[in-house]
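Have a look at these structures, which come just after this line.
Two complexes, one shared chain (chain A), two partners (chain B, chain C).
For the complex of A and B:
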């Protein structure tokens, strides 16, 4: 039987019961739109968390002296040639930065706290959160800047502000303590109190002078996009710095990496559950559609329709309504995401969100790959759901059916 | 059909057969067993899934709250109003002994642990790190919180000159049990505060902030070294019931306002002390609810569909019933009863399976895998998750589905009111 005729038959059958099929279609649309929206939110959460982890002075890959992670001190440092740059094509490299990052004690006139003292070249810090935060006062101007910038929360704790002085105590390269005064150039407002409390920044040359060594403790490299080429950059860094450790962001932020994988699994589970909920209605409706037409199908068989064509017709009906549902569902989901606009403001739960390693604006992300997967799997489920009804339809004996 | 019609007409004449509708509804259900089972399975699927997931979710929240509060912070905390704002060393609670006695005298308070928190430089040899020096009364702490369970080696600091260090701090300082640590800080009146302590214990909690930056030593010696009198920063309180800690908080605040009117003391509940945990729970709940409702709506669509088909197929039957004088509302009621039975079958199966799963997991727990546990440990979650036997979890989904199926039946059967018996009679098979 020609495919065109079968399609025509299936279409007409669907239109015979508008109310019922419209209801089924709505269910499919809700399921698919729900999956698309939940998927985009989860993807948003996933990439947000990755981005936050990477921009938390981590980068996609990082070079460290062996043992630095266990004992983050100036002794675990290395020298970096002035003209070094990562061996990555320009269109893949977002940026790189060398830093000194060592523990220090910070003191205002009134209070004392423990911090991570980070020497940076501000021009290179577009790859970390420092490059995008807002400052009160001024940001650091150059690698030679002798002032510090501190976080808003730390400024509150220390009861200090822009223009005032702070004393920092840290260990020099010779193992002896160094104590030096710094003027506060600016106070930054990062997305997360923990960052604000932990990181104090100054020019890298100033910090090198303080510890008395022209060294760095880390080189961080960030790639364009989501870091698709991170394994190759890791290899090329490892080849160059053969006596140093090279780690990627998954190794540096194992918790965020675990959560990243978990989100992938969660998306799949959600999809299966939604399709599971949908399939009961789908099978129910298709069975009814077959049972109502026993007489009709029996007659078609009696005049010579092949069993295969009967199966095809039921499968076709299921697939057709599923296909329309998928298209509409994706459209509805997409419109809903557009309606969400810039993202969902989670700042009411700012601290809880920070605890999960996210930012307070959840931006939904829609990936073509996910849509294709959702569409493909939905059609597959539609096919599976039609198997039992199709089998019932084939079982109809022409003579019995006609006699009814 | 004749029997049915007869019973209906007689029922219309004699409304004294209340159970008739119920019996007919039950029989109608099994005229198409396949459809009934499919619809009931859908309902069972939704109920099972939501009940089970909710029980897991609530169980996880209970554990998180319990772990988080009993780890270190306590159910309630008393601090000076100013200290809550800025965590500055000089904002202490004066008259600590009297305050502790006052708090302890409240009936729903089980125990109180007074603490002093001073930021200082901890040095060993040529290494120096900033650390929070916490002065504690070990005996009171062991009654109030469980952080002493996390001692990795050695023992808790008992006498003067003894200290317990977070394991990362100890590693950074390069010290082990028996080594000495020098503490240098600023006293209350601006003078130098110095302590020489021996490491007697190491502590690993997997809360990085604690492992990396905290040193515990007896309360009295910190008070003395930092120039404090009878002052503390924090009272950590264990109440008799975490679930009603907010009530205790209010009562205790009034009690303190009367007993010590001049004290700057502020009583805070755990959700104020750890807003991040409270918020993480709220936001997780929101995401869960969104998902649950979508699944429930999906299944309700198929329930609506079932009733549309049921009513459509029985147009002839209903037309006949109408023509012999059955009131339309009786037919609507009949369909409502059918919906109730389908729901009951689905709910029984769904709840049954969910209960089995919940009881089974309550025994063995659900293991999350090593990597994920590390992430979830931040939220004070244990390695194994156990479900909660909560009334909310077991009733929410069944009730939503009950209301949903009734509405689904109603929207499909109100058509009967507009039916004309003669046309319905004529309707094709």
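For the complex of A and C:
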């Protein structure tokens, strides 16, 4: 097939109707840029969702005693060897933490609340929100720290503050209640009120001493990045802790996992809507372009251009303009994302946002894979859009065309 | 015979016009030998264009056989007909049908491109064809920048650049004034005489007929008169 000739004809024909094709091109650019921008915002949303879910003391995978999820108590605990560490390559592992997490009642001089009492090694908690939140007062210093940190909202509810004392009551390993006093080392400010109200932290050794057992209730493992290779770490954990349950973040945070899938679907639907509108315009323009060239196409067939080459000419015209549009569209989308820069401040809707477990700043995230997919699918749709006009072109009988 | 470029035997073509059959060709027997310059005359509607089209493989007869340069057209597929037109035939249309987005030389060259010739040879041959038709200096102009006569010359250059076995021209003078027509005809005659191009031209222009060596007259889809034959049955 004389590809060079066809390319030449396609290019020049695109320039023949500058205005019309410029309008089509702008439509493609706007659509592609729109897809890219929304895509990156949804990816940012997804990333935050996942990050929030994973750092919500979850990790990408977590080891629990069977039945802990239904009845989270000190009875559903297990022992962990001092020198244990997950069997994951260093460059894939972001960190891991063992914790005791049991229900407790917390009392100030004025109020009483139910909370999750969590014993942690603060050095390991870089993998959870505890490692990154701001504290008034002090953060926990070590696994042996005997003080507690509580959330800002809880401090408000209990009408207490840094330096004051609290009493916590929880069940010990023998089934009897333990009661102990703790000084508040610090008050943390997390991204969700729920977290602040639920979690009270102390050193894990202190909590083990309180319940009289050297046990943990969970081991949580966080991988580098967004958790690719999650299933293999799940398998290796399951193989090691063969009598325990190993769950991934989707199982532990089903709501977040569902939102994650929903965002995927939203991206796809948005893409289809934009492309649908675009294809309509593209098909129209191509048919016009074929119809006004009936004589020319008829002549080309008459002097011996094969039907396949005529099809190719229309397909190339469509794919060419689509390709240019995709490149420009991605560029425009990318520039727009750069302009958004640090993200969109959602604090105006902050309450709703925090309830959904997101941060109040939506940071767009651009992934190469997404761009490649958008570009590839757009070109594919450009190709599909050209099929009907190409069929119309090849149906032109040279004789009918020449008689006009 | 080996020297026969076109052989038509009992060629019939019927059009269905509003359910009324129109007998455009009714059993045409007709032979053109190598090197002939034939004019195909006859009143409007006598079947001239139809005969050129079936010979050119642009239309298929309902009955009868057509051979061009020894190839039986009836047996060829659309693509094979395309290839045959590309390799053996040149067309000069009534409307010049140049491609507006290509320059004069590109309008000639693209045929060689379809044939798959290398760029250097293409450029050389296209320029030679344009030179032969006296429009060599206009090679870089686009059709919109050429007069009607100049466009027709470019169209003839396009038709002969492949050195076809057969040149088919349908009313080549229809859009030209008499001076330009005369120039064009002189040109066709010299192509015929110096290069031995076989030419079949449908026309009702007496000037065209006067330049042809052999005159065939069509009437109602039948050959009524043929100067090459002493008598027509």
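By our rule, the second predicted complex is superposed on the first by the 403 of 404 C-alpha atoms of A that agree within 3 Å, B and C clash if a C-alpha of one lies under 4 Å from a C-alpha of the other, contacts with A are read in each partner's own complex, and residues count from 1 in each chain.
As a working rule, a residue touches a chain if its C-beta (ideal position, glycine included) is under 8 Å from a C-beta of that chain, and two chains touch if they have at least 3 such contacts.
Since the model is a prediction, treat every value here as computed from it, not as a measurement.
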- Query: Of the two partner chains, chain B (first) and chain C (second), which one does A:5 touch, if any: first, second, both, or neither?
  - Reply: second
- Task: Name the contact category of A:399: first (chain B only), second (chain C only), both, or neither.
- Result: second
- Is A:146 in contact with chain B, with chain C, with both, or with neither (first, second, both, neither)? neither
- Message: Applying the document's definition of touch, where does A:135 land relative to chain B and chain C: first, second, both, or neither?
- Response: neither
- Name the contact category of A:274: first (chain B only), second (chain C only), both, or neither. first
- Greater chain A contact set [chain C / chain B]: B
- Answer with first, second, both or neither: which of chain B and chain C does A:259 touch in the superposed model? first
- Task: Answer with first, second, both or neither: which of chain B and chain C does A:164 touch in the superposed model?
- Result: neither
- So, does A:299 touch the first partner chain B, the second partner chain C, both, or neither? second
- Common interface positions of chain A, toward chain B and toward chain C: none
- Task: Give every residue of chain A touching chain C within the complex, in rising order.
- Result: 2, 4-5, 8-9, 12-13, 15-16, 295-296, 298-309, 398-399, 402
- Note on the structure: In the complex, chain B touches chain A at residues 34-35, 38-39, 41-42, 45-46, 49, 86-90, 119-121, 126-132, 171-172, 174, 185-186, 213, 275-283, 287, 290-291, 294-295, 297-299, 301-302, 304-306, 308-309, 312-313, 371-372, 374-375, 378-379
- Note on the structure: Per the touch rule, the chain A residues reaching chain B in their complex are 17, 19-20, 23-24, 26-27, 30-31, 34, 38, 41, 70-73, 103-107, 110-115, 156-157, 159, 169, 171, 175-177, 254-259, 261-262, 270, 273-274, 276-278, 280-285, 287-288, 292, 346, 348-356
- Would you tell me which residues of chain C are touching chain A in their complex? 53, 56, 58-59, 78-79, 82-87, 89, 91, 93-95, 97, 99-102, 106, 110-111, 113-114, 116, 158
